[in-house]
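Next, two complexes with chain A in common: one pairs it with chain B, the other with chain C.
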Partner chain A sequence: MFSFDLLLDAVAIGVLLGCFYAAVSLGLSLSFGLLDVPHVAHPAFLVMASYGVYFLNENYGIDPLLAGLLITPLLFVFGLVAYRIYYETFEKRGSDAGVRGIAFFFGVAFIIEVLLILQFGVDQRSVTASYIGKAWRIGDMRIPFRLLVAFAVAAALTILLTLYLSRTFMGRAIRAVAQDQEALRLMGANPIRIKQWAFGIATAVLGIAGALLIIVAPVEPTLDRSYIGRTFCVVVMAGLGSMAGTLVAAIILGVAETIVLTLFGASWAPAVSFGMLLAVLAVRPQGLFGRRS
Partner chain B sequence: MNRNGILFWIGATLFLAAALLMTQVIGNQYPFFAGYVILQFVVLAVAWSILGGYAGYVNFGTSAFFGVGVYTAVFLAKAFGAPLAVQIATAAAIGALMGFVLGLLTLRMQGIFFSIATIAATIVIETTVTNWRYVGGAAGIQLQRPMVTAPFDNYVQMLFFVQALLVVLAVAISRYIQNSWIGHGLKALRDDELAAECTGVPTLRLKLVACVISGALMCAAGAPAAMYLQYADPSSAFNLNYSVSVLAMSLIGGTAHWAGPIIGAILLGATQQLLTVTISSEVNVLVLGVMLVLFVVAAPQGIIGLIRKVRRHRSEGEA
Partner chain C sequence: MKRRTFLGGTIAVTTLGLASRVDAQQPPIKIGMSMPQTGGLAGGGKASLLGIEIWRDDVNAKGGLLGRKVELVVYDDKSSASETPAIYSKLLDVDKVDLLFAPYATVPTAPIMPLVKQRGLLLMGNFSFQVNSKVQHDMWFNNAPWGPPDSWPDSFLEIAQKAGAKSVAFLSADQEFAQNLVVIAREVAKKRNMPVVFDQAYPPSTVEFSSIVRALKAAKPDVVYVSSYPPDSAGILRAVNEIGIGDNVKVFGGGMVGLQFGAVMENMGSLLNGVVNYNSWLPEPKMYYEGTKEFFDKYTKRAVEAKVDPLGYYLAPFGYASGQLVEAAVKAVGSFDQKAIAKYLHEHEMQTIVGPMSFGPDGERKENAVLQAQFRGIVDKNIEQFRSPGKQVILFPEKLKSGDLITPFEAARK
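So, the complex of A and B:
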């Protein structure tokens, strides 16, 4: 039944898994958290990036993480274009943008899903690399290498993005545009340019995140649906736009998921992220570390 | 009753008579199989628009309500062998209750937060049903159709007619709401919720009413699906495809008028049936997604909006 060792195992794995969830949520924390774009297609973009990594790994034998880096520029451009379309058709026109913006991104997510199915089929796909499949043993505890890799890369990604937003000129501009777009316009900067750039970065980060996704577990085209819950749960719980908060919230989610998994079994797992998301929205919509608005 | 009202009820009666006549004359089963699905989407789209269209709250929980409708029917059929009418009525009652609870929980949120919360609720309910052994769990459950009663000689024909009745009910309610103070209040809060609240529109209460009615209708539309398929499993009953299809149908038809979702549902539903049969169900979902994106980008008011634009042009041309 219940044992302390089992719980400790779950917490350890949960922390690692949580860091991975942080990595896949960072982009959304930027695009939705800071820029207020109702980016429901974020998980679909993520799965698409995973398939890009899969393609390079399967056909050219490129290491998944390297493949993730290679597709990053492509994703950046894709993000720039996506934001431009969104801006021209919705934000610029103003009224009623919310309803149709959400519908737009849902439509895009669906199109990506089906295109992936048509191209790669509905089967699960995975990548091969030397660090996948092995495990690290500490006493009785067995920690898969793939989670450790995900953990290390995710931590590095979070730190890099936090530094980018706080130390570089463009990063500060992004945070400024999130706070007061009008003020930025009055100072002679072009807020739309900055937001477009930020959305590009948010999408580019998905290259590495997508690589981690397919390293941690096999992917299938409709995987994005369960990641809607996970990514939005993390971003909303973190309080919109807080990078450090994203990491903490993701670890909470990771630990909660593994504990539920160990105690109640895998069939309850999907409800954890969505249930927490619902609870956070109902009880504390500004998130754990959020700015009050 | 004014002239429009009389015309509407004459139209509804003619529609029901035609549906009944079809079941008596046509021997081939396929039109009923396909027609049932289209009618089901008409009910769902019309019900969705009561909250999504008039009030502008994008509800992604259509599949939650639909699935709960399906499983209400499954449970009643398995536990008590309840007849179809009882299944539908109970589903409607549970849908209303669910709309109320879900509304209380989520209707204070706005925009994307409401939409995300409704998806979250869908998955939570789906997971709960998946873990409910009595109704089959993840593996699903087989159902036996009872004997069919006269004047129908086939169960699917009867379900077709029942769904046609639900269409008339849903459209009549939606039409009533549009023209009543509820509809005007909902439209006011869609345009500016704060301003509406300040001028004395009871926004939360109106949204709750809309959510309850919309939920009851969606659950009722889902209930006959159990007997239609003779099978139910959580991942197809709660499939997000229902949410996206219904959203697409409503937005493509146009939500400014009660007829919009009907046009959208018939158009898209028929296209889907055609594509699923002739090409594949994947392509069918692709077409749905592309049409949704095209319409929200290029024709935000839907087909209703396009018709109005053409009319305005014409009257300007004459003047």
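So, the complex of A and C:
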């Protein structure tokens, strides 16, 4: 049964949900999109960050967003170490590093899952904050505050990352290493150190993204599996490495999913999302905002 | 004289000791099972196993079964259906167990049903749903309180109709168990002449339920039957809390999995208020039978060490009850003959810590003993509150009722 109110509601919720998808995909856009690292452990890193936020919120009553910021430096260091191990053991060794790299990151994801189960158990965990469980009322429409928080934070993260990559020396170096690693080496720069730094940034972003994940819904150790398809879909549809494109692609995905959920039946939602990805790749193989190589 | 007294005393003490303890000369009775100790069903599996272990310790302290010590042989089935056939073959052919208990839940149990039927073995079921409906094994006994297959949604819709509900909405996870449940619920609604105004299945990967709840609200149903899994149950209740569900909804809930486990209930806190949902055991006055309180005293202490559900209401006492059923039947028939034990279980009503149990020809409980209870006065982040009566008021069955329904749902949430 079609209703204009329902459609409007679905679009509004879809935009907010899309911003949340963007926030959890931005790190991957950097690591996979720009650096070409097959980072399938990205969602596991994200869930691990959520547990860090949960720990600080549960034990010290720290607001989830603030807790996300507090763990950011730790995640940055974790990212630096993870990339160095990946580089030394896989990337450095040859042309088939990509395939072996996927195995490496799958292994890391499983180890993280097991460690989380051992430490926190198999049950769901959630956080408390003043903006969770309340909604903003506009006429008949009610918008959950937690989704508004996700919207604001995703927008801020996208702007910050775009500015960082375009206006700072290190940001421009990261873009350069993504375009031509050899040229950078010939100019006397160490591309591996730049890639390591970029991977650290991609992991650090997960502090705040992990906070959003546990603000939007409870988390459990194996939740990462639900996000592998979704985050890669957003990044590939956006065009590898485009931060603004990631936000737009995630919003398109969020709106499409929500309209289908609301008006056409929920079972179709995943098929429509991935159907859209295939359609975009058929028309623009480089993604919505990617450059033609 | 002194020497004679000492000798006589020694003989007497030794004789008494031998009579009251397990006979060390006879080999132990081995009860074999798999249990989900990792994977999605691990939370329930571990609590259920602890219940069975408490029974083992109690029965051994009383002298064992027919003078033989009870020993459990347990393997982790990782919550997977693909693991259990090999585990049960090993239990029978390598470990040579004397009796079999089924693992917790439907999925790991279903694949072992043909094996036990083929070999003509007794199997004590553990909270599976309709696994014997096609196999028709006459030595299967399910400890779960389900009763006839339609009784679960029927009692929920009966409560709703009594509260004046006419139309019904169904919201269900697109997974086997939830879909089985909602298929039966649709048939019950048809029998009760309740028109279905909303019927949607959502994929298990759904993150945000706001738009689904908004669409459900627009359909203006009188009763909402939800058949969901733990991660979704939390998302649905959170969206209902934020979006609202409408003043015309009289009863909300029904088949929400997860709302029976301590950690999940603690997480959801006040979001649970007003929800009417199924359960198996609750700390309400009429739920205590001989040995129930003693069991929970032991469970509460051991749950901390075992790192399992601190409440353990849903599964643990039924694990203990499975042991009690075998214990009573073995003592009555005076042997471990599985056919004789099965015959006795079919023909007699047994007393357990979760109440009397009797079984129909299909091995399911004769009566529907599934509780429908309404959450009341729940506050956030406090697991201890669930130990008090009055937090989950029993509305069904009539003989165990501990209060009346508060309706409509929006009023019950306050």
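Miscellaneous remarks
We adopt the following convention: the second predicted complex is superposed on the first by the 271 of 293 C-alpha atoms of A that agree within 3 Å, B and C clash if a C-alpha of one lies under 4 Å from a C-alpha of the other, contacts with A are read in each partner's own complex, and residues count from 1 in each chain.
Heads up, the rule we're going with is that contacts are C-beta pairs under 8 Å (C-beta built on N, C-alpha and C of every residue); 3 or more make two chains touch, one makes a residue touch a chain.
Keep in mind it's a predicted model, so treat the numbers as computed, not measured.
In the superposition on chain A, contact is made by A:270 with both chain B and chain C.
Once the two complexes are overlaid on the shared chain, A:195 sits clear of chain B and of chain C alike. Within the superposed three-chain model, A:42 lies out of touch with both chain B and chain C [touch as defined at top].
By the touch criterion defined above, A:6 reaches chain C but does not reach chain B. Once the two complexes are laid over each other on the shared chain, residue contacts for A:261 go to chain C alone; chain B is not touched.
Of the two partner chains placed by superposition, only chain B is touched by A:99; chain C is not. By the touch criterion defined above, A:232 lies against chain B but remains apart from chain C after alignment on the C-alpha atoms of chain A. Within chain A, the residues touching chain B in one complex and chain C in the other are 117, 226, 267, 270. Those residues of chain A that touch chain C in the shared complex are 1, 3, 5-6, 9-10, 13-14, 17, 20, 117, 121-126, 128, 133-135, 142, 144-145, 147, 216-218, 220, 222-223, 226, 230, 258, 261-263, 265-267, 269-270. For chain C in complex with chain A, the touching residues are 38, 40, 42-43, 174, 200-203, 205-208, 210-212, 214-215, 218-219, 230-231, 234-235, 238-239, 241-244, 261, 263-264, 267, 271, 307, 380-381.
Here chain B touches chain A in the complex through residues 52, 56, 58, 60, 105-106, 109-113, 115-117, 119-121, 123-124, 126-128, 130-131, 138, 240, 244, 247-248, 251, 282-283, 285-286, 288-290, 292-293, 296-297, 300, going by the rule given at the top. Of all residues in chain A, those touching chain B in their complex are 32, 38, 40, 85, 89, 96, 98-100, 102-104, 106-108, 110-111, 113-115, 117-118, 225-226, 228-229, 232, 236, 267-268, 270-271, 274-275, 277-278, 281-282, 285.
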